[in-house]
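Lettered A, B, C and D in written order, each chain numbered from 1.
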Amino acid sequence: MARIGVFICHCGTNIASVVDVEKVAQAAKSMPGVAFATDYKYMCSEPGQAMIKQAIEEHHLDRIVIGSCSPRMHELTFRKMLKATNVNPYMLEIANLREQCAWVHTDRAKATEKAINLVRMSVAKVGNNKPLHTSMIPITKKALVIGGGIAGIQAALDIADCGFDVTIVEKEPSIGGHMVMLDKTFPTMDCSACISTPKMVDAGAHPNITLKTYCEVESVSGYIGNFEVTIKEKTKFVNHDLCTGCGLCQTKCPTKVISEFNQGMSKRPAIYIPFAQAVPSKPVIDENACLKLTKDKCGICEKICPLGAINYKDEVRYTKEQFGAIVVATGYELADWKKMYPEYGGGRYEDVITGLQFERLVNASGPTEGHIVRPSDGKEPKDVVIVKCVGSRDPKKGKSYCSRACCMYSAKHAHQILDKIPGSRVYIFYMDVRTPGKGYEEFYDNTRRDGAQYIRGRVSKIYKEDDKLIVKGEDSLLGRPVTVEADMVILATAMEPAPKIEEVVQKLGISMDKDKWIQEAHPKLRPVETQSAGIFLCGTCQGPKDIPDTVAQASAAAAKVAAILCHDEMETSPMISSVDQTKCSGCGFCVPTCPYKAISLVEVPGRDGNRKVTKKVAQVNEGLCQGCGCCNAACRTGCIDLKGFTNDQILKEVDALCL
Amino acid sequence: MAELSEAMVQDLIRAEAKKALQTGEVSCVIGWTATRFEDRTKPYFAQTPEECDMLIWNRYCINGTAKFALDDRYPDKKFGIIARGCDTRAINRMIHDKQLKRENLYIIGVVCDGKENPVCRQCAHKTPLVCDVMIGEPVQDVIPESRFQEIEAFEKLSPDERYAYWAKQYDKCIHCYACRNACPACNCIECYADQYRVGWQGKAADREQNQIYGLTRAYHVGDRCIECGECERVCPMHLPIMRQTRKMLKDINDLFGPYECGLSEEETTALGEFKTADPDEFM
Amino acid sequence: MSIKKDNNWEPRILAFCCNWCTYTGADLAGLNRMKYPENVRVIRVPCSSKVNPQFVLRAFQKGADGVLVCGCHPGDCHYSTGNYFTRRRFMLLQRLLEYNGIDPKRFQAKWISGSEAAKFRDTVAEVSAQIKALGPNNKFVGAHYDNTVMEKEAEGGKD
Amino acid sequence: MILAKKDIPKALEILSKEAAVYAPSIRKIEDRTTGVIQEEKIFLPFEEGTEIILDGPNTVKPPKDLLFPNVEKMYQYKAAGEDSYIREILPEDEKKILFGIRPCDMRSIESMDKVFFTKTYVDSYYAKRRDQVTIVAIGCLQPERTCFCDSMGIDPNQAPQADVMMNVAGEPEGESYVLQAQTEKGKALLDAISSLDQQEGAEPYQGTVCSLKIRKAEDLDKKLAGMFDHPIWDKVTKGCIGCGTCTFLCPTCYCFDIDNENYGNEGCKYRCWDSCMFSDYTRMAGGANPRPTKKERLRNRYMHKLSYFNERYGETLCVGCGRCIASCPSHLDISEFIEKATAADPDAVSYTDVPAGTDRKEA
């Protein structure tokens, strides 16, 4: 039989002034299972807690009910206190007599009756509490970073610097992502390569970081501390252990295909490294372009490779690895403006280019060694138009959100053009100019002072007239249409999540918002976490942002990962669901309701009547379950139950309240 | 094929059953057989080709055959079922609820011509939805507009009238669980009502316990009821049980879009999923 | 249904409040010393999706006059998708109860976030007033065991 | 004593002065949405103007729940320190008259008496209700197609154990009844309504015979005792869905379960009907169940009705009222089983289930 101790707190006068605490304590004595009941001025104080401990010994109490302030205030305090006694810390219930009784009622008699009722509810519930014990799950001290852009690199470096092993999985042949394509970065106009390639080299050389380039995540299972990830290594056809990156094969390779890295403005051989400063600087063979692999001809690279590193018979390999935490840094992609805005030429005019294409043009290691020329005829453009918000802030044709970084990089482009081409003129069509960062507004002012023409209005049409691109728009400040004859047009296109992001998200079991950006746990308070414990995110995969914010988030995510990996074990909350597998009929109605995908159907030995059979029953993954209880209400036989809030307890609470 | 008479269908059923049993792949074939009274038939489990001659087909074959497959949840051989449209919906229901495996069933589908059972007037699926072999010409299925007529009429009564009607009905209930045991949607291995330790449901047949049982079952099968009418047919005290279970189907139909159960194995149930744009009245 | 039958009868209302939003809102109402009627008793649940419709039936069976289920606004759920299920379950349950004769005011659900203390107070006051107007609930009520009133059924419920 | 049919309501009014009279009448529930009026013939307390129907089909529910109610409070208790108590709750002192029950139901009450009174233990609750009731049995006139009481050794016209035996005088369409008192209580009852005596009238009609004749072996109970593992059980029990309909409508099923209902620190213990057909009837701790499937359970029910009861009390427990046949969801039929068990060869190895109805058309 339960021996319950009831302790009613005066909370100074907070409770005692409205609720007749002695009467409540007296009434508690006659409740079923109550062996001892008393009241005291400050239960949470040292003497108060000592009194409870003493009463536990004296009256051999095994369950405690405390009528005091809200459990959200002192539940932890009293649980810590019980750790010092032989009563399990979870054999405790708290009746909220202050915030939800004394402070909100005035009539003393009714408040006291309600207080007695609330104590009776807690006594009824504690009668059914079971001792709960936190369980420890081991932590694999390794982190996985998905995506090798600046976000992934920064996160990996920070984690590695904490002494933990990190694996970066990058689907391209080299890490670097979009940042390494840029020429200069705002607002300081540092050369992008100068600040990102050293980090890439650090990442490549860091003893704790292993680079898995040209690889993708195939499947993820397990839970925080114990993720089991299968990584698919795409076919490189080059053995990177033998290859020293001498580059001989690239010079001799006869086939030339469009270089994705240079945004299609130059060609690259079939066996290639995407750009000069690639890390690892070892080539891969593009199987769709290589003559040997497609038509079984050529094979020059194999012949001339001094180290015999070429292997045409390479197959896809899958490796399985254990990780303690995962950081998603899959980055962004520019939206396909050609489909959204046919009125800008829909891609027919070569001189209507995107911001990234311009970055390659102005980049010294780009296809034109930094000379800004028109892709169509190679002449230097004099009049350049930059069109902002192409696809962004346009729910009907493109995206509803603002892509955040375009205002600044468009100003940068204008500054570069005015700087590099003397006598050039730059017109920028804008709706608003957003310069929220440090030094951003001053940078925007300098650009205008350099002579950039900011025209407030949208561009309605771009068409070619003999050698010029006619840009028709309006100037809403002057209130009249405007036409600009331009040699070249740069479109500041909207940012979109990386291609095929749904697959990665689905594999990880995390969720996305309506625009397919990954859903953070809480926009303000937990921006780098996801709903699934142990999976973090950083950079533009969570939403459009510029490099400073990306790097800040990367370090934040690294800190979160380090917070997990620095422990050998992790304590899981005991208030999670568990399944009574003898009663479970394996119907799986609970599985779709779990936000954390913590429930799975497993085969277990069981009994059907008097026969031994293997049954399919539900099983809760203790690491993933956060204890919401949604599955409890979906289970018709009630055999999946949340410890600490079992169906039985809540039924007893309802009965006690309706007496 | 020409219009099949009852006798021809009966012979085809017997032939199919014999063929299935001869292959040794099927442990038994369940259908109907005669009883002492010719206006009543009972389920019959033919286990040898000779016993297949006991199988009959007439307008009194109204017992549901599908749920007997749950008698042995771990069979070593297939279980043959002679299934009309509603039985195949029951099979889909139990497969969706993971209590049956399609590969453990050998389904002989028979296009139904409507039986001596009030629910057959509102039948929406005379053609079997899933079968290994089909007997009879598939008929175009159509959902009768009288599907929720009775519910809408009942909703027009005043709340007290409705409560008084239900109170009288639940006074009659003798708590025999025939409705639960006949219902293909009620396929848990241990029903909540049999768990006295937790105390969801008392065992007495007084009005209080009957109401709790009636409403809880209406809620449990609410989004999975295949409207086969077995609960009303088997109730010894003739309670209008479908009037409870169909109510939730009507609400789901109105709130979340056209909804019918047991049409395929993979359909999601209304309470097993959500849409962020669901109608919301709790703001 | 409470024992006392005189005119200043107090309804007994149960409120299942989700720990992360509504329970916090109720605590906040306490911190701000807001006043509301005494006849609402709060049961804390981790998420509104933990509330099983059978608890609501149990409450009416044991004599509650009104039941309230409160949770976070859809989209704000601490467990991300819990209250979407709550919404579906209790919209259907409310119609089923109404269909069986229980006045919809007796069973309500409301989204109350952690900061909407005033909304919690107003909801409680409004529900309490509505149910006080409706009077004691005699539908679905079990023969409340009281050794003085053993066999006499609640009037109105049983004819 | 001779009583005219038209005087029956008057007689019942006289009788209902001292005791509550229960007689077979129709309970109507009007369904306003479909306009259908559900009618059910059950034993209802007699008040002014309730229409009593003595002939026609038997009542859907047996009179059992007047003597052995579905829910019966046994005792109440309170745990409150000194003033804790445990008090037995005996049925109230209320004299009852059971008017117009058939010989098959009367025989079932005899069986219940054997169970609750004999073998050293007397059930106080049943005993109290049984003493207070006076039973007026009536000779059966139109047995239903599912009735087979005469095949079970019961004379549809006679109920020797009843307090008063009522038979139609002369031919079945006769206008008056012959009442013969068979016990003291019966005499007292007849004295109470002696004012309506018509003195003369024809002899009581004794000619009713059941339409459904079934071949039942004399020593069926002994034969069945040896047939526990007979293959017949696999076939006959297949169609059962394991619900409690047959047991709750059977006049001779007397199993009950005991449960309690708590309100804070007080509560009451009550007993309620239980059914051996339920899957959890014999489930023990740890999930073991000696009767795991429906085959064992239905076998147990048939064996109890036709064999086990004989071993203990010397008579068959099935009175042939046919209620379980009429209401079985799968249309299983105990009379079919009795015929098959009679015809079956006890040590057969295999058994094919031939529907009994095919060779014996309805009489």
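We take it that contacts are C-beta pairs under 8 Å (C-beta built on N, C-alpha and C of every residue); 3 or more make two chains touch, one makes a residue touch a chain.
Here the structure is a predicted model, which is why all the values come from computation and not from measurement.
Undergrad: Tell me which of A-D and A-C has more C-beta pairs in contact.
TA: By the number of C-beta pairs in contact, the winner is A-C.
Undergrad: Name the chain whose C-alpha centroid is farthest from the C-alpha centroid of chain C.
TA: D
Undergrad: What is the distance, in whole Å, between the centres of chain A and chain D, each centre taken as the mean of its C-alpha atoms?
TA: 70
Undergrad: Between chain C and chain D, what distance separates the C-alpha centroids? Give it in angstrom.
TA: About 45 Å, centre to centre.
Undergrad: Using mean C-alpha positions as chain centres, tell me how far chain A is from chain C in Å, no decimals.
TA: Computed from C-alpha means, the inter-chain centre distance equals 38 Å.
Undergrad: List the centre-to-centre spacing of chain B and chain D in whole Å, with centres computed as mean CA coordinates.
TA: About 31 Å, centre to centre.
Undergrad: Quick check on chain A: which residues sit in contact with 2+ other chains?
TA: Residues 593, 634, 638, 647, 651, 655 of chain A touch two or more partner chains.
Undergrad: Which residues of chain B are in contact with two or more other chains?
TA: 154, 161, 190, 192, 200, 206, 271
Undergrad: Among the residues of chain C, which ones contact at least 2 other chains?
TA: In chain C, residues 53, 58, 81, 85, 89 touch at least two other chains, as defined above.
Undergrad: Quick one: which bits of chain C touch chain A in the complex? Just the residue numbers, please.
TA: Touch residues, chain C against chain A: 10, 12, 14, 19, 23-24, 26-27, 29-31, 33-36, 38, 41-47, 49-53, 55, 58-59, 62-64, 77-82, 85, 89, 121.
Undergrad: Spell out the part of chain D that touches chain A in their complex, as residue ranges.
TA: For this pair, the touching residues of chain D are 79-81, 262-265, 287-289, 292-293.
Undergrad: Give every residue of chain A touching chain C within the complex, in rising order.
TA: Touching chain C: residues 70-72, 96, 98-100, 103-107, 110-111, 113-114, 117-118, 121, 511, 519, 531, 575, 593, 595-596, 626-630, 632-634, 638, 642, 645, 647, 650-651, 653-655, 657-658 of chain A.
Undergrad: Please name which positions on chain A make contact with chain D in the complex.
TA: 30-32, 120, 582, 607, 609-610, 655-656, 659
Undergrad: Along chain B, where are the residues that touch chain C in the complex?
TA: Going by the criterion above, the answer is residues 154-155, 159-164, 166-167, 192, 200, 206-209, 211-212, 215-216, 218-219, 222-223, 244, 247-248, 251-252, 255-256, 270-271, 274-276, 278-283.
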